[in-house]
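These are the structures, in structure tokens.
First subunit A sits with subunit B, and in the next complex the same chain sits with subunit C.
Now for the complex of A and B:
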């Protein structure tokens, strides 16, 4: 058994297993990966997930193949025997190569992630002064998402600062979400759009998304916000631009009395804390 | 200062109930609780009643009650005796039950024998681990259906919070409490820890903390999960005070435990136990101890500010009054991320300590393994904002935190490389502890790989706060810590108690746990990707099939733990088959001592002339420990 070149054998097994596994994962698993194709950012996240899967599958197969091989080949057959193995205490070449390869992988992942993040913000919340803005961010449709226990409402600064209980968005349009909260920390998660941004009281959290075709999408609160956190979900819609124009005009008429009673539009609101302690 | 041992004088049983013991501790805890309440109500009634008309609750009274109750408990156990005696000018004594022989009573008192404290930890943490596990079973029962059907939303969130807090709080000391306390002095060749009273103190404080957390159910529970985010916590009923009290006490206990172990490892090594001969488990304990000491104070500070917000109307976390909800998140995760490595690192140590024994080879890449552990410990302080990737704070620092988080995979990779190198051409024996170690490698591999997705910001946007991240940390923490704790239980357990475990039951336990664990948490990755947020009591009905599968698997985990309990009771209390001195043919120092290990460990302090892994070196089977101290 000692004459076998275990290392070469392992490398060959790993090569074939990892090529097959990576192909299977990238070709079969990646296309069905969430959040799907609902927005430019969501598609981008699927691409990122695919790249990460493609990088991590060979690593995972290397470790798994090694352990399975070692357990089969290096296993003590005689359960009563207490025989020592060779006193190998390290191998500087292997250690160096391991360090080089893992460092390279990490640098690649961090670099790739940074480039992808800075391109358009990837749908994540990035605070009041975003650095990762998509092109034409100035012409984005602004929607303020106001979270409170336990619902989301939406204010439209471009439409007289009215507040609607439902969210409809025009198709193929860049949207600028301003996410804030009136009480505790929430998180605005539009699943199919690939948007997630925490809502903090007194803070404006901006996230960009570019919608694609008409669809419905799920909105969930993704940060524990109290007893009815589990009930804080609803459905939003992406509709054709003409239909959106009709809808928003209708909403504006319907909520005109309410708009007058609202405080003026602001990036954040400071209501009295509900419980003053004691 | 010379310690004077007081000779044991036996008293009748009823007489021994009086004095400083657990009974007195419980009585004084109740007295302290009542006293705190009285004082709290006296302070509160005239001045602050204005602010809390709604609930009829008085957070000051509750928190003072906990404070005085815990102080009373510790005084009753006798922790004040030594400092008071010294203050009054009396000589120091070592009367803390070491001299009273080997009675069962020692396990219910302040005892300074590190082996007794270790068993206390094992039993005490075990009980709270069961409570936390039971909570998990109840959570999965509720999630059998998409809508509320067993518990209300409030009860459900309290269960979630108690499960999380119990596991993250009590199990933090799950390795260092029982195993490091027991084995580190033996590995170092010393008879005790550097600070034996503090060692006992950390244990009893932890027990008090656990009880404080359980009392939350009398005050309406808490709705914040184990992270206790503010200002949500500020809204909570007095149940949140229990959370504050619990985690602050755990923080103190952790900090002192780390401090004690660090001092022991630095100052108490026997002759010849140089840094390069330190067993790798001791290095892991050292790295963890540093993390504990540095991270826990942050938690205590964060919670204290929360307590001030709730009682004396400060506004650390109240937006609009000058505070910020981000402050708590930052402080919590500055503690919280090192915390998960506090939980994971001892597991690395156990695996690398056990693999040489069962592969019959020296540890491969000793210095690389040490570098890995210290590297993880160092880096863990620079990654915390990956918990806040979508929160909007410091958005321009996200590339840095992405990089630092991914960087942690380098030292973690060292641990894997050393594990793999140790198996290379070894003579691997698949004993039960070895099976648990190998399961660690499998689980932690998937935990680590899924972490890559969470550390990448674009990918994290879709997975943050979902069941995906929940599955990720259960793979790393349950798959990493709990599996290695069981490896340690089966490996060191018989040596600690003196009685063997039933091997067939142990194998059933392992295989059922390993399969059910993966069957439970594997599908949770899918559930998260399909859009189920964490900590929800309801979910979309098309996810029910997967959720039911997960719940069924979780119940199998519960059954698997029952098998372990049956094994524990059967083999340790009923059948009691004496364990051999060195059942694993280990060359580590503790296995060169007789079983059970004598009260004073070594007759003579040993001298070390090699590291603990001289496998494959002639003469075969020679122990690392030059004179086996006991002479047995």
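Now for the complex of A and C:
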């Protein structure tokens, strides 16, 4: 037993297991990773999750392989033979490689995440002055998401500042969400689109998304916001451009009285904090 | 009986009493559920009558809290429940007697009704689609069904305001009626959207955050 080179044996086992596991993860698991392919940003998030899993699988495999190997090979089969193990001595080569590999892995992940985040914002809220602005941001369709306990409504500055109780978006279009709140902190989470942005009162939180083909998507509040937070969900739609044009015109007619009562469109609102009450 | 036996007997009795009390507490907790009101069925659909008051009954644990009630068609009988049983895929005719004052909406957009049959509602017998955002007293909304109706508040200079439930129709009030169609069976929540909880920050504490006052459930079966 003492003549066996455990390190070499472990390295060989780890290499083959991690290659197989990584291939399985990347080829079989990656296609079903959240949030799916509902938008360009969502697809990007799937790629990011795939890369993260691809990098972390060999690490997890190393831990598991060593754990199982130790359980099998280093188990003391004679309970009476309790003897101290050999003294541990430093091994500069292993220590150097350990530092190089772990540091390189962490730096790669940090760099990759930063680059991906700065590329298009990854569907996240970027505050009122986004730094990851898409190329054609000037032509984006602006949609203001207004949260209140316990519902989202949507305001359309490009359509006379009208407001709608539901969200429909045109397919294959860059959308610029302006997320805000009228009361407490909420979070606008359009799951299949890969969009998540906090809705803070008096604050304009901008998030970009480029839709793909027609589909439905789930909208949830992702910030605990009161007794009916769990019920603050609805379904949105991505529809063809022509269908969107019909829908928005119909909404404009239907909600003309409600729109007439609205204050002028603004990036944030400060409703009277304490109404009469009772 | 020896002292030891007496001590053991005492410990046994005390343990039994504690166990019974715990069992009672757990049993009552598991079997207690808020009451509900079932809409009356007619050939024209289901009929639901609701009342809203500036404050609950004087013997209510929160008798300063604004609240919805289930009431009789003539507002003579009041029940403090906010869970309503409705039939599926049926027209529901709702009448709301409101005795509360005007609070105003945080989002003026919802001063317009949504999701009702015909797109509007009646206010004191007159068909309308919306009210002034500042005149709203409450909202009756079932967000998952897309139903939302604003409830007009009693003006401050009303001659005969009612302070606590129950309130008869002789008190100053507004009457709102509307009709909507229920969908599939399920449990839906309903709520008010007016920040009407007097004395709470942003008007949104207490009765707005407690099922049984300004929100509740619709059980569609």
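Here is the rule we go by: the second predicted complex is superposed on the first by the 269 of 278 C-alpha atoms of A that agree within 3 Å, B and C clash if a C-alpha of one lies under 4 Å from a C-alpha of the other, contacts with A are read in each partner's own complex, and residues count from 1 in each chain.
Please note the rule applied: contacts are C-beta pairs under 8 Å (C-beta built on N, C-alpha and C of every residue); 3 or more make two chains touch, one makes a residue touch a chain.
Not measured: the values here are computed from a predicted model.
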Original post:
In the superposed arrangement, does A:165 touch subunit B (first), subunit C (second), both or neither?
Top reply: second
**OP:** Tell me which partner A:226 touches in the superposition: subunit B (first), subunit C (second), both or neither.
**Re:** both
**OP:** Based on the superposed arrangement, let me know which partner A:88 touches: subunit B (first), subunit C (second), both, or neither?
**Re:** first
Original post:
Taking the superposition as given, does A:210 touch the first partner, subunit B, the second, subunit C, both, or neither?
Top reply: neither
**OP:** Classify the contacts of A:153 with the two partner chains as first (subunit B alone), second (subunit C alone), both, or neither.
**Re:** second
Original post:
Who does A:117 touch here: subunit B (first), subunit C (second), both, or neither?
Top reply: first
Original post:
Touching A:125 in the superposition: subunit B (first), subunit C (second), both, neither?
Top reply: first
Original post:
Who does A:39 touch here: subunit B (first), subunit C (second), both, or neither?
Top reply: neither
Original post:
Of the partners subunit B and subunit C, which touch A:258 in the superposed model: first, second, both, neither?
Top reply: second
**OP:** Would you tell me the residues on subunit A in contact with subunit B in one complex that are also in contact with subunit C in the other?
**Re:** 183-184, 226-228, 231, 271-278
**OP:** Sort out for me which residues of subunit B touch subunit A in the complex.
**Re:** 44, 48-52, 54, 58-60, 153-154, 156-157, 223-225, 227, 229, 231-232, 234-235, 309-313, 318-321, 324-326, 329, 359-368, 388-396, 398-399, 402-403, 406-407, 409-410, 413-414, 416-417, 420-421, 423-430, 438, 441-442, 445-446, 449, 452-453, 455-462, 464-466, 529-531, 533-540, 585, 614-617, 620-621
**OP:** Can you check the complex and tell me which residues of subunit A touch subunit B?
**Re:** 2, 6, 33-35, 41-42, 44-45, 48-49, 52, 55-56, 59-60, 63-64, 66-67, 70-71, 74-76, 79, 81-91, 94-95, 98-99, 102-103, 106, 109-110, 113-114, 116-118, 122-132, 179, 183-185, 187, 189, 191, 194-198, 200-207, 218, 220-231, 270-278
Subject >> Parts of subunit C lying in touch with subunit A, wherever the complex brings them together >> reply: 54-55, 66, 100-104, 106-112, 114, 119, 129-130, 132-133, 141, 143-144, 146, 148, 189, 191, 193-204, 208-211, 215
Subject >> Residue ranges of subunit A in contact with subunit C within the complex >> reply: 146, 148-151, 153, 163, 165-166, 182-184, 226-228, 231, 234, 254-255, 257-259, 261-263, 271-278
